[in-house]
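A, B, C and D label the chains in the order they appear, each numbered from 1.
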Amino acid sequence: MTQTSESATTRASGFRQSPAVAGAIDTIIAEMRAGADQITEIRGPIDELIEPYEECLRRAADSRGRALLYPYLGSGLGNGALVELMDGSVKWDMICGIGVQFFGHSDEDLIRASLMAATEDTIKHGNLQSNFGAFEFAETLIAEAKKNSDLAHAFVSTSGAMANENALKICFQKHAPASRVVAFRGCFMGRTTTMSQIGDNAAARVGIPLNTHVDYMPFYDEVGAERVGTARYIGSAVERLTEYFDRYPNQHACFIFELVQGEGGFNTAPRDYFKALMELCRDHGVAVWDDEIQTFGRIDRMFAYEMLDLGEYIDVVCVGKMTQACATLFTERYNPKPGLLSGTFTGAGVEFAAGTRVIERLRDGNYYGQNGTNAKHYQLFCEHVRALAAKHPALFPKAEGVADIVGGVGGMMRLTPFGGEKGPIVRSCQTLYDEGVIMFYCGHGPYHLRMLPPLGVMRAEDWPRVFECVERGLLAVAG
Amino acid sequence: MTQTSESATTRASGFRQSPAVAGAIDTIIAEMRAGADQITEIRGPIDELIEPYEECLRRAADSRGRALLYPYLGSGLGNGALVELMDGSVKWDMICGIGVQFFGHSDEDLIRASLMAATEDTIKHGNLQSNFGAFEFAETLIAEAKKNSDLAHAFVSTSGAMANENALKICFQKHAPASRVVAFRGCFMGRTTTMSQIGDNAAARVGIPLNTHVDYMPFYDEVGAERVGTARYIGSAVERLTEYFDRYPNQHACFIFELVQGEGGFNTAPRDYFKALMELCRDHGVAVWDDEIQTFGRIDRMFAYEMLDLGEYIDVVCVGKMTQACATLFTERYNPKPGLLSGTFTGAGVEFAAGTRVIERLRDGNYYGQNGTNAKHYQLFCEHVRALAAKHPALFPKAEGVADIVGGVGGMMRLTPFGGEKGPIVRSCQTLYDEGVIMFYCGHGPYHLRMLPPLGVMRAEDWPRVFECVERGLLAVAG
Amino acid sequence: MTQTSESATTRASGFRQSPAVAGAIDTIIAEMRAGADQITEIRGPIDELIEPYEECLRRAADSRGRALLYPYLGSGLGNGALVELMDGSVKWDMICGIGVQFFGHSDEDLIRASLMAATEDTIKHGNLQSNFGAFEFAETLIAEAKKNSDLAHAFVSTSGAMANENALKICFQKHAPASRVVAFRGCFMGRTTTMSQIGDNAAARVGIPLNTHVDYMPFYDEVGAERVGTARYIGSAVERLTEYFDRYPNQHACFIFELVQGEGGFNTAPRDYFKALMELCRDHGVAVWDDEIQTFGRIDRMFAYEMLDLGEYIDVVCVGKMTQACATLFTERYNPKPGLLSGTFTGAGVEFAAGTRVIERLRDGNYYGQNGTNAKHYQLFCEHVRALAAKHPALFPKAEGVADIVGGVGGMMRLTPFGGEKGPIVRSCQTLYDEGVIMFYCGHGPYHLRMLPPLGVMRAEDWPRVFECVERGLLAVAG
Amino acid sequence: MTQTSESATTRASGFRQSPAVAGAIDTIIAEMRAGADQITEIRGPIDELIEPYEECLRRAADSRGRALLYPYLGSGLGNGALVELMDGSVKWDMICGIGVQFFGHSDEDLIRASLMAATEDTIKHGNLQSNFGAFEFAETLIAEAKKNSDLAHAFVSTSGAMANENALKICFQKHAPASRVVAFRGCFMGRTTTMSQIGDNAAARVGIPLNTHVDYMPFYDEVGAERVGTARYIGSAVERLTEYFDRYPNQHACFIFELVQGEGGFNTAPRDYFKALMELCRDHGVAVWDDEIQTFGRIDRMFAYEMLDLGEYIDVVCVGKMTQACATLFTERYNPKPGLLSGTFTGAGVEFAAGTRVIERLRDGNYYGQNGTNAKHYQLFCEHVRALAAKHPALFPKAEGVADIVGGVGGMMRLTPFGGEKGPIVRSCQTLYDEGVIMFYCGHGPYHLRMLPPLGVMRAEDWPRVFECVERGLLAVAG
């Protein structure tokens, strides 16, 4: 049925390359820019919008059956790290949807990509029918991943939880009938029934029957390791893992690693710790699955396994959040049989377009390495916390089991006021929000305040302004 | 910190209501329309694009580690039920990404909504931070759902599988410690580790450990019911369900119903069948969970439970596919405790915007009822199949256990050539694709060919043209 | 360290062959006989013993924390089917500890064997250290089992539940990692946490977590088979089993068969029913495990698989109850790896000695075949039930789903008064006990009265005397 | 139906009190004594019996499908700690069927009790019908248990594994729906499918599917505790248990304690260790289940919880081995609902009779306390090991992680030659057997040689003779 066409391009190409379209998008961006540029500092709500905003909050709560955690409804416009809400108030967004908006609010480049994608014939793509964007996204991601690992392919999905589900399926099938999982204490894996069980937080799975066999390993504990010495500490972890492998020979499908723990508390560990555990996995035929959903892009290398030089051990990796589209990457050896992975949705075209741009910008920018943007911002963050602590030492009493009042790496920043106690830390979140800076907490005791700031658009001069809010907020809690 | 603003609107409102933006979007739509209007019939690829297309297919296969099921890469433009591929070929899309594109390809209204959403400050929204679109979508959906049920709230998520996971979590928590699930034979629930287990298809869970306790019920079997009489048939189903409830008292959290089975074969059942089973569930304190992910919108009422007048029994409902954004709806009684449902992503703004429009158009259009568009198209479909069978009776030998050569309801259309045998049915899919019509199969033996056509944009006069392709394809398989 | 001894026998042989020992045992037996011979008819308690008996019942209840089901405390003497209680009362024992005492009470031969075994150096034997009795028992049993099957070895244990546990372990290991079990509806497997789950009686596992995956098959239903025809009935069972095997390919370790259901209601099935299911098992590599713990010895052949000519299909068999010692028999193919089966106890020497004698007597007696003792007694039982029903038709209203008012085979005898209703059937047990005959119920609805009489010592002339009690008892319940 | 009898006793009483029976039993005992008295020292086989013995070993292996672990077939006669085999050889029995024969071989008192029990009308008793012996046994046991605990009732069964199954059922039901178990690393619980999973030895459950959720605690490690200090060691154990309880709130039914680990290596722990863990259990509503199957009777008090003064914390206790009959003891609070515990067999009359005598003799003898027989024998054992080590230091190189070359308590005695290495330890067992002393190993690395000697009949002067064999055997291995 092949035919020679009058023109050697598709109708779609014609349309998408039309100067009229390009001009229209320029117009929209210019309008957006004009609005965004007026958002330059935090502010409170516009009087006339207070009531309508309350009404919107009520409708949101009604629709989902529960009030929002923060009374946050974005207006649809922001400017870098500043975001406007529907009541006209403006805040520093230092949490960015739990790390989703690395390039902040109303980023020109991403909006441009989204607009172009929004012109496509369908909004959502899937495994049966898809435009090319999904594969371009996967290709761009894999190209980066390959640089320092054997990762070869990427299966795209719509959420981090689903990326993790696919990773688990891959590991299970590869090592069938092994049915056990090793995970770190305090880990978080997403919100499916299975991931809620692997995730080490009882509060997130009240009422869910337990049917997944998980063996937990302690995450590296800086304080503990100092006490007994790093070598002995690692040795004792290796002993624990050996105990599991001996107890259940050939019954573990995978060890799921967060190389920097997210919900668990922005905890880090030295390379040797992971290396010893990953080698043991390799020796026992247990998949090394690296969950980079929260770390991806925002630390001292694009992938945490690069930062720690662990690429050779990696079998499966998940990414998400700032990538917009989520994905499970795997080596050739772990490529599953046909029929295991599928799904109606891989995602929306705008996600692929924006996600591809995010990866390209991370790749081409100057984010990584000791002198990269991420490291520099982390340095600034630390300086500000220490200055705050020097000024108000009462805000930072000694926290049991916490090595320092600051912690994390790159764009995963934590501070530990109030001795890491749950009560004041949780209260701080609300107070800080009211004072104009959006943050969240992490850890399961000790607790920390955390930031996942939009490092892609943060400026050095933003930090003092952010910390003014932080100072006001913490003092209010200490009150 | 409240302040009186010079203007009583947000910067965002200013920008989004700007005439320049509206004009720009009009421009884009006009350009799109111009291109789309040239797509008027099926055709083969443009010669010059054959090789580049092969290269793209190879890249897609490389990126995900496996060749595509259909060699389909959309160009990004289509016209109603016709879709252009990246090689310039055009096909009838009678499967629409498994029911996702009810309004076909390059729908003006949906693209307009997407463009506007694409101007927002962030692409993805979540449970911690969101613009209002997610709630507007949920509100619009709930308003429809409430009309004939006690459904009260909707929790939005990014895939049908995740909507189902949330439904399962809700049921488990409500009925904790009940840990068993009742499901229909042949059901499909999505692709998580848990849903793959509930879904009744061994091929989809090779290597996944079994840890979910599922008790299967036969789906209504028209042929079987005729043999013994409907009353006795229903009685025997009630007996089976009673056996489960007696065997495991208070240990079932839910019965998951597909009121029209999707992957299972577009099977339907009379109201009395479901009513008897749902009443038994109600009497035993077992949640009635209605999975409408494939049925939603496309049958004789917006919700299948409306079509069957079963709203009073419904505790939890999932929707997805054509809604773009997915959701779990539940009654007040099933509203879970805080902490059970959450997630980084609820979805993209474009999905909420387009999804809201889809529901509004279904609501305001003339799709439902005996004289609705959906029913009329189904009627046309049946007529064409019967005409085809009359012309080529050899294509339609008697299929064991299949009551009729056509089946389904509304926009869920199946035909059963080749006696429902797997081999020729699966081969047909490829042949039909080559002949210019994209369809898929369903059922697990007998097998059927299925269509999930874009009824929102189909015209009566399209059917003969679609069936020309079908005829060519089936004859080719019959050889 | 080998040494030439003055005598070529062990000290033990010298002792056990001593005429003084033989004489002493003769003396004891003679005394026993003299006492037993005075027990010739049922009678009520001795006045002076009523109070002491009550005290003993109270002590028994105190010791175990719950009153006895029947107020039964044996005196330690009986005479065939008659047993004396500690209060001097005498009853017909038609249940024999649920089939344990096939040779009734105070059987000379078994007591003689027990006395000799009681002279041994230790009472209990085990897998590390054992006298030869355990192996002699196993040898004797295997010799019989081999006659019509490939069974090759026997692992001895102390209870039927433990024999079943060992059978399950054998099946699991052979077919690892298959983890599912097929079982008949209404089956009973013993009282471990696992067997309580496989056993189909929710009341027996209140509070026990469900972690074993069991797929239930209907046991043959005579009434149902008649309605649709045997061939179609069997076909539908094969279809159900095929459904399970398709749903969970290679995931079933075994199908556990009771060829005559015990607790389930003394249900029987034709050879073709089992044959069809066993062939399907064989074709799918699923172990055929035959639980003969209640049937062994007491029906029309020593093994039920012989009666039904199914020996060729049998992989694993369990025996118990009347064998005193219990055992798991298996073919060479199913011989497990070292380390799977073990245990401190295999049993007591008296059990092996008596168990061996039981098997020898069954082997050498005239119990089996159409004219065997077991069949004749069953015939007499049926005649008495029919005569009773003829005399008191009101006692035997039609029981839903029960083909006949009598049922079972050989020494597994059931009658179904009161329409099989639970209430009067359970009450009957107590009333019959009071009237001088000990029976029990079986089935889970309909319910039946059952006898497991001591056919090894029953005489034809006992039946009218037993049925006098039965008549009185049932009339009392009917009121 | 009550009647006045001519005599106010049962026929059974008449028989059992007959002087002829008493005389006959005296005769048997005298004959037995005469034979036993000739067994006074170890010796090799009688030449003429070597071949017949081989044949018997072959038959034993054939019957069970696997050769015996030791080539041991008892003749049925012994003398205290000496046992005669069927080939006329005599050995020191220092393992006693894994602790079953506390009163050694051919004990007059126990044989007398067995003979009398062997005259009863039935051999096996059960929950439906039983003579009084089962309750007398339970009563005697409970009377002792009550002295220092709240234990109130005992459910009798035929094996330690079954006693543990009943304990688990009791704990599960009491704390339903809690489904998790806490157990010590290296524990052993018996041989059912469930107990094989809780028991921490992968080799014993090859092929058994894992479906029981067990959280393991380290057993007290003397070496480790010394390194960090006892208080910190206990604190860290409490922290681990707290982690489990926090991770799975209200989901643990029980913590199963062996107060001295048996198979795990005869490990002991200080009271404070158990106390801290038991208190945490009590605070979290988790049953404290004390498995005394191997410890019962043989250490410094009848119950290990008495030795450690922990009776107040005990909810459920299991005993077995030397008690002949096994039992699950529980407090009033843990008395399960009707229907949970049952079973065809509680055990044989001889077991109840002998078991009752065992308890009475332990109660009335001088076994316990610092100057009790058990402690004295342990002292002698230690002296002999140390003397051996002094003479042959090369036999006892330093064993990693083992505090001393001797260990255990009372009649649980271990020595650790060869640095606790598996190879030579396992070889030692066979060599020692050949040299005339039967022992076994324990531990899972380090490994130990263990004795469970018949302390009820051992004499101080036996130890040098036993250790002559030990010395020869170990030197042979060291070779």
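Here is the rule we go by: contacts are C-beta pairs under 8 Å (C-beta built on N, C-alpha and C of every residue); 3 or more make two chains touch, one makes a residue touch a chain.
Model, not experiment: these values are computed from the prediction.
**Student:** Spelling it out: a chain qualifies if it touches chain B and also touches chain D; which chains qualify?
**Tutor:** The common neighbours are A, C.
**Student:** So, comparing C-alpha centroids, which chain is the farthest one from chain A?
**Tutor:** Result for max centroid distance from chain A is chain C.
**Student:** Distance-wise, how many Å sit between the C-alpha centres of chain A and chain D, to the nearest whole number?
**Tutor:** Here chain A and chain D have centroids separated by 55 Å.
**Student:** Could you grab the centroid distance between chain C and chain D? Build each centroid from C-alpha atoms only and quote it in angstrom.
**Tutor:** Whole-Å distance between the two chain centres: 30.
**Student:** Can you give the whole-Å distance between the Cα centres of chain A and chain C?
**Tutor:** 63
**Student:** Using the touch rule from the top of the page, what residues of chain B touch 2 or more other chains?
**Tutor:** Within chain B, the residues that touch at least two other chains are 176-177, 179.
**Student:** Which part of chain C faces chain B closely enough to touch in the complex?
**Tutor:** So the residues of chain C touching chain B come out as 179-180, 185, 200, 202, 210, 213, 216, 243, 246-249, 251.
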